[in-house]
Structure formats: structure tokens, C-alpha cells
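The letters A, B, C and D name the chains in turn, as written, and every chain counts its residues from 1.
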Amino acid sequence: MAGSSFGTIFKITTWGESHGKGVGVVIDGCPAGLSLCEADIQKFLDRRRPGQSRFTTPRKESDAVEILSGVFEGQTAGTPVSLLVRNENQRSKDYSEIASYYRPGHADYTFDAKYGFRDYRGGGRSSGRETIGRVAAGAVASKILAETGVSIRTYTRSIGPVAISPDRFDPDEICANALFMPDAAAAVEAQAYLERCMQEQDSSGGTIECVITGMPAGVGETVFEKLDANLAKAMFSIGAVKGFEIGSGFGAAAKKGSENNDAFLTAPSGKITKKTNNAGGILGGMSDGDPIVFRVAVKPTPSIARAQQTVKKDGTPIDIRIAGRHDPVVVPRAVVVVESMAALVLTDLLLLNLSARMEYLKKIYTD
Amino acid sequence: MAGSSFGTIFKITTWGESHGKGVGVVIDGCPAGLSLCEADIQKFLDRRRPGQSRFTTPRKESDAVEILSGVFEGQTAGTPVSLLVRNENQRSKDYSEIASYYRPGHADYTFDAKYGFRDYRGGGRSSGRETIGRVAAGAVASKILAETGVSIRTYTRSIGPVAISPDRFDPDEICANALFMPDAAAAVEAQAYLERCMQEQDSSGGTIECVITGMPAGVGETVFEKLDANLAKAMFSIGAVKGFEIGSGFGAAAKKGSENNDAFLTAPSGKITKKTNNAGGILGGMSDGDPIVFRVAVKPTPSIARAQQTVKKDGTPIDIRIAGRHDPVVVPRAVVVVESMAALVLTDLLLLNLSARMEYLKKIYTD
Amino acid sequence: MAGSSFGTIFKITTWGESHGKGVGVVIDGCPAGLSLCEADIQKFLDRRRPGQSRFTTPRKESDAVEILSGVFEGQTAGTPVSLLVRNENQRSKDYSEIASYYRPGHADYTFDAKYGFRDYRGGGRSSGRETIGRVAAGAVASKILAETGVSIRTYTRSIGPVAISPDRFDPDEICANALFMPDAAAAVEAQAYLERCMQEQDSSGGTIECVITGMPAGVGETVFEKLDANLAKAMFSIGAVKGFEIGSGFGAAAKKGSENNDAFLTAPSGKITKKTNNAGGILGGMSDGDPIVFRVAVKPTPSIARAQQTVKKDGTPIDIRIAGRHDPVVVPRAVVVVESMAALVLTDLLLLNLSARMEYLKKIYTD
Amino acid sequence: MAGSSFGTIFKITTWGESHGKGVGVVIDGCPAGLSLCEADIQKFLDRRRPGQSRFTTPRKESDAVEILSGVFEGQTAGTPVSLLVRNENQRSKDYSEIASYYRPGHADYTFDAKYGFRDYRGGGRSSGRETIGRVAAGAVASKILAETGVSIRTYTRSIGPVAISPDRFDPDEICANALFMPDAAAAVEAQAYLERCMQEQDSSGGTIECVITGMPAGVGETVFEKLDANLAKAMFSIGAVKGFEIGSGFGAAAKKGSENNDAFLTAPSGKITKKTNNAGGILGGMSDGDPIVFRVAVKPTPSIARAQQTVKKDGTPIDIRIAGRHDPVVVPRAVVVVESMAALVLTDLLLLNLSARMEYLKKIYTD
């Protein structure tokens, strides 16, 4: 089935395997008249590029993006924007060993079960490299959002047991440390924790938080195409994600209505807002005008150097050690992936919302 | 936009407001040759019907379903199955008060923000009655799954602070108590907790767990149409859901790779399986043949009799008390909604997976 | 597969068989704020109702529509509009004979081939009654178009060998004769021709023409979602349609470029228009601001009383005569179906076009 | 909106402008296990390549295709197949003149009307080069069809007033002349006609016919996703198409039921077939097992060297002559485009039909 497309109006289709010729994305439905150049996209890709700190794989890939279509004289033309990143680091390595068994925590077994065989070189389509297409498209979506007054801030909330503290929250710190944590002290502690994981040939999980401001109220469709439902799908489409919550999230389950309800009030500006934000900025699947706040849980990198038990394709047990150097934690590099997927969802729903009222139709066609 | 449809092959479209003439669903893409009668569907609807215990609203609605099309001589005919439930309890009540302000925790404000006005009678389209269509369709999907060897068990995992204990887990207990908890002692405790909430004119949240067995391995599409991504969207499309996790879920974020990876092993039957199930039965977005396990967090019922602060449509502050008797907790009635949405996702992905291999195409057309 | 839905934003889903409990449609994605009542829809349904002249089947069905949802205080609420028409004329007739063989020109054989069996009562899902849902939805789309300044005129262009003459074209005549021909003399001739067909226990084909005025230029998507491509699909989704052409149509194939090209010119109003309209109002799949003109060819009613050869389900030859009185020509009743399908296409593409430019996005959200 | 995708299961997305960096297509949903190499695709692309005869533009482009993803060890892997053809012939020509006015018969004006501006270099997205992506994808679809026993034959039926004669029909002749006509005498006559058009600085239209054999009966969905409806849309998505008819087509409109109905009979093999094929192999939108036969009308090339009237962007009248050498007729190069679009429709509907029966589901999952 066609599972590589995302979105209804602003629709992206990603393609490419980790060890094929390249990876890319086609963005169909980008409105005409957005100024766009390769640097706009490269800026996003650089945030997920490997080799930026000792906590990411030291593989060197420049991941330089090429715009193949859809931009004319510096502006989107309304036609599909095709973006290409060539793979550089495809050494003619011997994959015969990895081809013979199923790595725990990876999609090796399920790919075989689905298709009868798999591209066993470096994860194939389930590799983290697939996210390059998402991030490149997310960069374009983010430009559209910026022009509509919407901004997104995404950061690492925890690494293993080390979480940021609300008291020390400092947005300027996010880009100041290798882990993208908005808390300098927590970042130091988390780095020490990761050092220990690496010494133990192990890896760590973590959580990412995303805060969206400036969304007009009423965006998101009722019933199945709710804003939160689409964010949940977007986040769970990212490889290592195991949990998603919005606003008070799992905490809401233990609360009482009187604690969880957010009282409406009128801001001095006259805007209707809420006293608290347990709703996380979404009511009935539509934005309520307050910040949209969500968190995702990311599992530890499954590729670890420690010995692990598994089976070969024929079912024979085997003890393996996964060679090569892998990210001890994927969270920092996943921050921009989370932000990109959020941008895609918001852009698509903003565009869909243009057909919500007869009034809008008249404003465009008959005014 | 068209937000009331769900699914690609097995596609449902729900319609109806709480105080309109009725609610219903059209199922398009149901395979021909499934035996189906109204009793098959009614059985599911009865699980969400109000008035079954003192913990659900005492409104009386029979919620009797009528099959309007798509079934011929007791079998689905391949054509759309249209299901209708007439609303019975639409008293010509005075809604002018509720129309004038925004209830905290409800979609009143966001509906107004989106469409410029709203059907203010009892929640309109964001009412829990909308789920009748989902449950009716879920009943049909569940019949298809049963014929394919897939079964689903869904139950209440916690009510407020009261959670079931793994030691006392008893599947036979699920239907034996009003809260659908598989733990008799926890059910007693949770009922006492709910009594206190009701005395305090307050409400409670909770969590629901779902376990799916018998799924063939390899179902779910890679990249955006992952099995877990579709389950996440399905669950977040349910009104009160604030969190979703699969397998080790948020717990995975604090774990190390060596703890979270599930070793593959070969069962005595020769089937490849896993030693543990932190993956929750899904790897790379595809079923791995082990049980699929997920949890959702449900917020407390926002309609409470206690005094609350809010604003009128024009922004003027107002203190309100929501009259009428509402469910003090929606979790027990949401259990079958969660199960139905899961059934819809699984059925659709099973059907989509039929096109995964050239081998299947040949098996159907040229054998 | 889900083949009963049409449209992307303004999406309809029809359901129902000719001899089931009823037929209907769910319209999802209708913008909020359109005034709508049952009479608006009934007016369209009455144009396709049987029993209006001696050239339509004398079956009596009132085809009264009921709005079940989506309209609040006389306006569409942004939620799905569910429309129901109960079947009245389902006599407990003996269909065992018709069940045993395949009627020429009907879908009996192909339904069996697809699903393994079929609802043999009166055509089931392939009955003309299925178009009730389309016409009901088309009535709603037409109201949206009217508010945007778009109007549609549809009429019978020919019945068998009798065609209207451009010299006698009179729009006021369309509703003045039973055949909906804009040419009184041709209508008289065509009626005489149909009388002869009926005496011979035979039936006739014909053509329908549709002219759309007031479409803003630039509507329709490039490449696959062209305006003409969507019209073509819409028309061929109607049971008896065998041909579709736009503008100069098949005539263009025999022409030279210098004859077929339409010179652009500037109207006194300053609007850019064309000297001729061989393009039929569409260039590159987008409306060019001139009238959109297309024609469809409708085959003769396959149900005729004359003796015909066919086979039984098991392949045995059999001579049959189809009993009952059928429309000797479906063209007049199909006129409103063609108009409705056109209205659905235009409305959907007008709504989709709202996301064509960054300028529109800013106009709605930031002005 | 996203108008560059086609298909539901076997879904393609094309991208690229005539004078950008290249053109391409992403095929998502191709079943795993199809043997595929670049030569399979190149063979199709060579059929539409310019410069093959004096009746096509003499531009030289090798149009060499590169498979960027989705094929592993010579077989499709179930993942997206990304195909790229770099543009070679993008001379830094001066397009300022063409940018200033609207060419008759082209999409210049409508592109401006839709997006506010356009890529004026050589037609941009509405250029014939866009069809490269379709043909590349059509080559893959055709391989799937071949393995399922379906074959397609497409040819030129007429050029201007010169049509093939049924008496002289010779399939071996199709590839033996530059016009792909299955009638040697007609080809000679048509070539003479084209020579005259070229001398007159004019161009010609024509018709293409397509015959599909080997389709199993019952493929195509009822109501909106009919096989003929999808073929009609596919054909009208091709730039110059102005008409489409199936089986007896427009001829059916003038016929009587007794003439147009096809009697069913049983072939000596026991297969149910039809005495005639006015239905064109489709009944009720589903294949009936007999050959599927359709025709498309193609308008004359709008780019002609003769003087033409038009207007500038500001509405000022201007007389133009379109420089450069253009195809005097697009029909021969469009033959493979028609065949490719047909292959895409058939493949998608074959895959969708796998979910038509419970029996198929059980055959794949429980046998």
C-alpha cells in the first residue's frame, strides 16, 4: 500500500533507503508564492546531521539538499517541490552477517514477514535516514507557518532518568548544548549519564517536548481528523517513538474534573484564553488559541555493542554483538524530526481550515 | 474538510449530533461474504449504552440499530453498509443558558472559533453519542477479525488513583463488574472512589488497556501508515483521550537499550517470537506476531456540578454550575469505543496488506 | 474497496440498493454557514423522480428527502449532512427468475464475478436509484455555487437520431417539455421517435449537454486533478454513460491547430477572454473564465421487452423478455444527475483552490 | 492542492518542469517481488522520446532513467520506487518574449490566473515532459499486469481526417511506421497529410485506440471508482485530450437498446462471454472478461508557426508567431502515454479488488 505519503493538501511523499542512491521527498500542494531556497532547508537538515557531538554517530555525511523542481525565481510555483539528498557513505561493506539474523528492537524480522525478504543494508527503509525527507519538508512547512504567525519550539525534556527542571527552563540554552536541553545543569548531568551508557556499551531513551504558539483558534477537524489525532499519528510514524501525550496527558487520568478543567477567562487584550492549560491548547480536536504542548517518549537506540540473544532467519538461536558506532541516544537528533512532523500537521490543517466557512469562500472569490 | 471518515479500504463515515434526528455510520469497503445481522452490532452498542450502572448517566436510550443497506440474505454484499440509530431523548429543553457561555473542558469555544457558531444542544457533534457510529462499525470489523483469527480484549486499567494489579488479573472479571476492570478488588476500591467523587460533585479520569492477539506478523505499512501510528490517531480521535503508549511506552524513555530490547527466540511450535514484549507487538510499524499491547489515558468528565469560572461568548466572566446528571467517569463506556477503533485500524491494515506481495496477486488471480 | 465516496474536501458517500430500506448520502466537508432546508434538496430530486411523463417508468415513488444531521437553525453547521430517502415501492415480488440469468447490458454478471453473488432485486446497487444520493448532494453543491456566482444549465442535446438545432436553441424551453430539450420542434420529433421505440418494445440512447458559467479562472488542479479529468470521471461514474467530450471534443481530432486554437482577446470590461471556445472553458486542466461546455453520450436503456438471448448463471443459453415497464430512454431523468455530478466537481475544486496561494492563507488568517 | 498523485494502492506522484533540473516520479505501493531494472523502464520512455521521426520535435534528449530507490537485488522491495530523468536541453534561452503574452491553446493564462505567476520556460509543469514520470511508472505497472496475464495494445486510430480501416488492421504494422498506425496504407496517407500541415505551418489532431485483453472479470469498483470512470479521468489528465469513449461510445447515443445490448453466451471453453462488445468490456463499471476497448480524441498541437492573435498579460492585443520546431501532431508520442495511464488504472484496481471478498482474505491469511 502507499504508506510513504503524509497530509491531505500539503502532502509529502518520502522515498529512499539508507544504502541506496539517496533519499528525498516530493512536496505536493505547497501554496504558490512562498520564498524558498536550498539554504532554508539545509538549516533544518543540519540539525539532524550526524557527527555533531560525541553523542551522535561519527559517520560523516554532508546531507546537502538539492531542489529539483517547484521553485521559480526564488518562489514556490504551486507545483511539486522535489528535494534530493544523495547518499555518500555507502561503503561496499559486507552485510552478509547482518543479513542472516534479526537484530532485537529493529524491523528486520517484520520486514521479512511482510515482504518475504528485505534490504538488509543498514536498516533499508526503516533507517533513520528516511527522516531526511520529513525534515526537508518540515523546513518548508515551517516557513509557511512563520508567515502565518505560528512558531514551534522543540527540545529534549529528559535523557534516561535525567529531566529538565521547570525552575531552570531557559530557551536560549536549547542550542547551546549538544543535547538540545533548555536547562544547562540537566544537560551536564545527562551528558555524564550518556558517558556511562557508552562505557557500558549500552544506550538510553528520553523524552522530547514541543510547544507551538500563535495558532489561530479553531484549526483541526472534528471527529477523525482532530489536531491532536494527527499529531499523535505524526509522532508515532517516527521510528523510535513509544508514547505521546498532550497537555496534562497521562497525568489527567489520575485527576479529578475540578483539577483538570481549565477555566476560560478574558485576557486584557480581549482575547479569550484559559487560566491553566491542561488541555495542551486543544479542545475537541481543535486549537483553542493557547500554546499547544505535547511530549513524546523515545525508546533507547536498539543497536548496542553488548552481547544480545536473537535468532537467524531459520530460527536458530545466535548470540550477536552489533558492530560499528551508533548513536547512544537518538533523542537530540530526533528533536528536529518531531518539530518537522508537527510543522507538517499544522500546515496541512491550516490549509484545510480554509474551507470551513462559506464566509472564507466568498472572501476569496467574490470580494 | 472531510474529517468524519476513517480508513482507506475499510472506510467508515460517521454522522449525527446528540440532539439531531439520529446518529449513524456508512461502512464502505466491507468485503462481501461476511455473515452479518443487527444483533451482531447491537451487542457492541449495548456495551456503551447509558444507564447500565450508577456510574453512567441515567438517560434512557435504547440505541437500537437498523441496517439500511449492504446486507443481502444475511451476508455483506460488497456494497456500503449504512447503519442508523435514531435519537430518542431529545427533549425540547431550554438550551439558551448553555448557548450563552463556554463550558470548561468542552469544545464549545473551539466550535465557535472554527465555524462562527455552533449547535449548542448537548455537545452537538462533539457529544459522546458520535461514538455510536464508531462502535457499530467496530462490531462489523470485529467480525472480520474473528474470521481471520484475531481477537481483542479491552478493559479498564485504572480509575483515578486506583489501578488493577497484575497479580490479580482475571479476564473473566472484566464483564462481572460495572467498571470493566479485570480485578475484582480494584473494582470495589474504584467504585468507592467514584462514590466520593460524586458526593463532591466531581468526576474522575482513568486509563484503558487493550491487548490484541492472533495478528499475523508483517501487518502495518512502513513510514507514515505504521500500525502504531494508525492506532495512535484512532485513539486520539476519541474525545477525552490525552495520552497513548505502546508496549513499554513512556517507561522506555527512562530505560537502557539492554533493558528495552526484546530478544528473539524460537517457540517450540517453530514460530519466531520474543522473550519479552517491550515493543508491544509492533516493530518498525508492523505487527511482529506477538500480542499488541497499548494504553490510553482518559481525562475526567468535564461536565461537573461544582461551580466553575468561565466566560460568555462576549468575554464577560460568569460562574456556572452544569446541571443534569453526567457520567462521573467516561472510562467504562469508552472501553468498547477503544476496542472498536482498534478493530477498525486492524481490519483496514489487514486488507491493505493484501497488496504487499506479487505472490498474493498471483495467488488470487492466476492460481 | 471504498468506491462509494466522491470528492476530497466536499466529499460525499452514497449508500443504498433499489430494493433495500432506502438510499442516501452523507456529505462531509460542507462549509458552515450555508442556508439549507429540505425543500432546496427536494427540488432537485423531483427532477429525477419517475412517473413524470409517459417516457419514464410509471413507478410511483415520492422520494421525499429527510435531513438527518448537519443543519442547525437553517444553516449548515460544518458537520456531516446526512440525507435519507426511504424506498417505498419494494413489493414482495418474485425475483427468482431474474436471479437465475444475466440481463444483457446490465451489471448482473459482473457483480457475480466480483463478489461471488449479488443482490438481484431490481439492480441492487447498480440501480438508477443510487443516483438519488448524488442528486441530493448535488443540490447542496449547487447552492454553494450559486453563492459564489456559478450557474449550471443542463439539457438533452439528442434522443436517438434527433438532435437540437443551434438556431432554435431556447433555454426557456428546457423545462417546458418532458424531454428537457431547449428546442420545441426537436422535442416534438424526439417524442414521436420514442413512441415508435416503445411500440417496438425497444429503447433509445441520447446525449446531454452542460454549460457552466461564472467560474473564476484558475480553478482545477494541474496534472492529475484537472477540472476536465474530474468531470470525465464524474460523468463516467453515471451508469449508462459511454462517452464524454469537452469543447470541440472528438471534433478536435480532425481539426488543424489554426482552426482549434482560441485567440485570446480583451473584453470591453477588461476581462481576458477568448474569441472562440473550442477549449470548452478549460486550458491545462484549469477553468479559463469562459463557459465550461461538455457533452455526454448515454446508451439506450438495456431493459427492453423484446426477446433477447443470454445465459443462466451456469452458462446455459436462455431466451428472455424483461417484464415490467422501464424508461424507454434514461436521458431526461439523467439530465439532473449530470448537473449534480458537475456541481460536486466544481464545488470541490473551488474549495481546494483556496490553498493555491500564500496570499489566500494570509488573507484569511492574518488580515 | 495535491494534484500530482494518481492511484490509491499503486500510487504515483510525478514532479518536474520542462526547464528545471529534471522530471521524475515516486511509485508508492508497488508490491514486493517484481523483478525490475532500468532497461524495463527505458524501453517505455524510448517510445515517447523526441527526435524519432520527422513528425516529432527534433530536440535531442536521451531521457535516461535512474532508479534511485525501492529495488534491491533486482526486485522491488515494497518500498517507494523513485525514478529520475535529468533534463539536458535547458539552454539559457531568452524566454522574456514568451513570458509577456498568453499562447493560444496553452495553459499560460490559466497558470497565471491560478497562482498569480508562472514558470514561463517551455510550458513549465504543463509541458509534455511531465508525462515522462507517467510513462516510467506505466512501465512498472505494465510488468505487474504482464505477470497477471493482462496485456495492452495501443495505437493511432486517426490523424486529422485519415483513419485506419478495420479491413486492413495489422498489429505487426504498429511499430513499423512512425505514426504507430496498425494500417500501412493509412500511415502513408497520414504522413502525406502531416507534410502538408507542416508546409502550412499548421498542426493536426487525431485519435488513439487502446485494447486491453486478459483482465479477469469483476475488476473495478461500483459507483464512483468504476473502471471506466477511472480510465476517463486518467485519459483526461493527459494534456491534449478532448474526448473519451468506451465500446460503442458516442455511437451508442443514436442506437436502440436492441442494437446496443450484447447478448451473453458461453464460449466452448465454458467461459461466459458476449456475442458483441458494444459495452467495451465494462458493465456496471467492472470488467466483464472481454477486451476493454476505448478511444481518446487528441487536439492539434497548439504551438504553430503561423501568425496568431492573442493578448499580453496586461490585456493589450498582440500578433505572435511561435518560434522553434514543435511536433506537428502529438498523437504518435501520446500513444505510450495513453497505454501507461491505462496500465496504472488497471494495476491499481486489480490490487484494490483483492479486498472484495472475505474468501480472498482467508486465502491469504488462514490457508
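Basically, a contact is a pair of C-beta atoms (placed from the backbone, for glycine too) under 8 Å apart; a residue touches a chain by one contact, two chains touch by 3 or more.
These numbers come from a predicted model, not from an experiment.
Novice: Can you spot which option in A-C, B-C or A-D is basically B-D again, with over half of the contact pairs the same by residue number?
Specialist: Checked against B-D: the matching pair is A-C.
Novice: Count the C-beta pairs in contact for A-C and for C-D, then report the pair with the higher count.
Specialist: C-D
Novice: If you average the Cα atoms of subunit A and of subunit D to get two centres, how far apart are those centres in Å?
Specialist: About 38 Å, centre to centre.
Novice: Taking the mean of the C-alpha atoms as each chain's centre, how many Å separate subunit C from subunit D?
Specialist: That pair's centroid distance is 26 Å.
Novice: Round to the nearest whole Å and give the separation of the Cα centres of subunit A and subunit C.
Specialist: Taking the average C-alpha coordinate of subunit A and of subunit C, the gap between them is 45 Å.
Novice: Name the residues of subunit B that each touch 2 or more other chains.
Specialist: 1-5, 8-10, 14, 29, 32-33, 78-79, 114-116, 125, 216, 222, 352, 355-357, 359
Novice: Hey, which residues of subunit C end up touching subunit B in the complex?
Specialist: Those in contact with subunit B are residues 1-5, 7-11, 13-17, 20-24, 26, 28-29, 32-33, 66-70, 72, 75, 77-82, 84, 111, 114-119, 124-125.
Novice: Within the complex, which stretch of subunit C touches subunit D?
Specialist: That would be residues 1-6, 8, 14, 102, 104-107, 109-116, 125-126, 130, 158, 160-161, 197, 200, 202-207, 216-226, 228-237, 239, 242-266, 270, 272, 274-275, 278-280, 283-289, 297-304, 306, 308-311, 315-317, 352-353, 355-357, 359 of subunit C.
Novice: Considering only the defined contacts, which subunit D positions touch subunit B in the complex?
Specialist: 8-10, 29, 31-34, 76, 78-79, 144, 147-149, 216, 222, 350-352, 354-366
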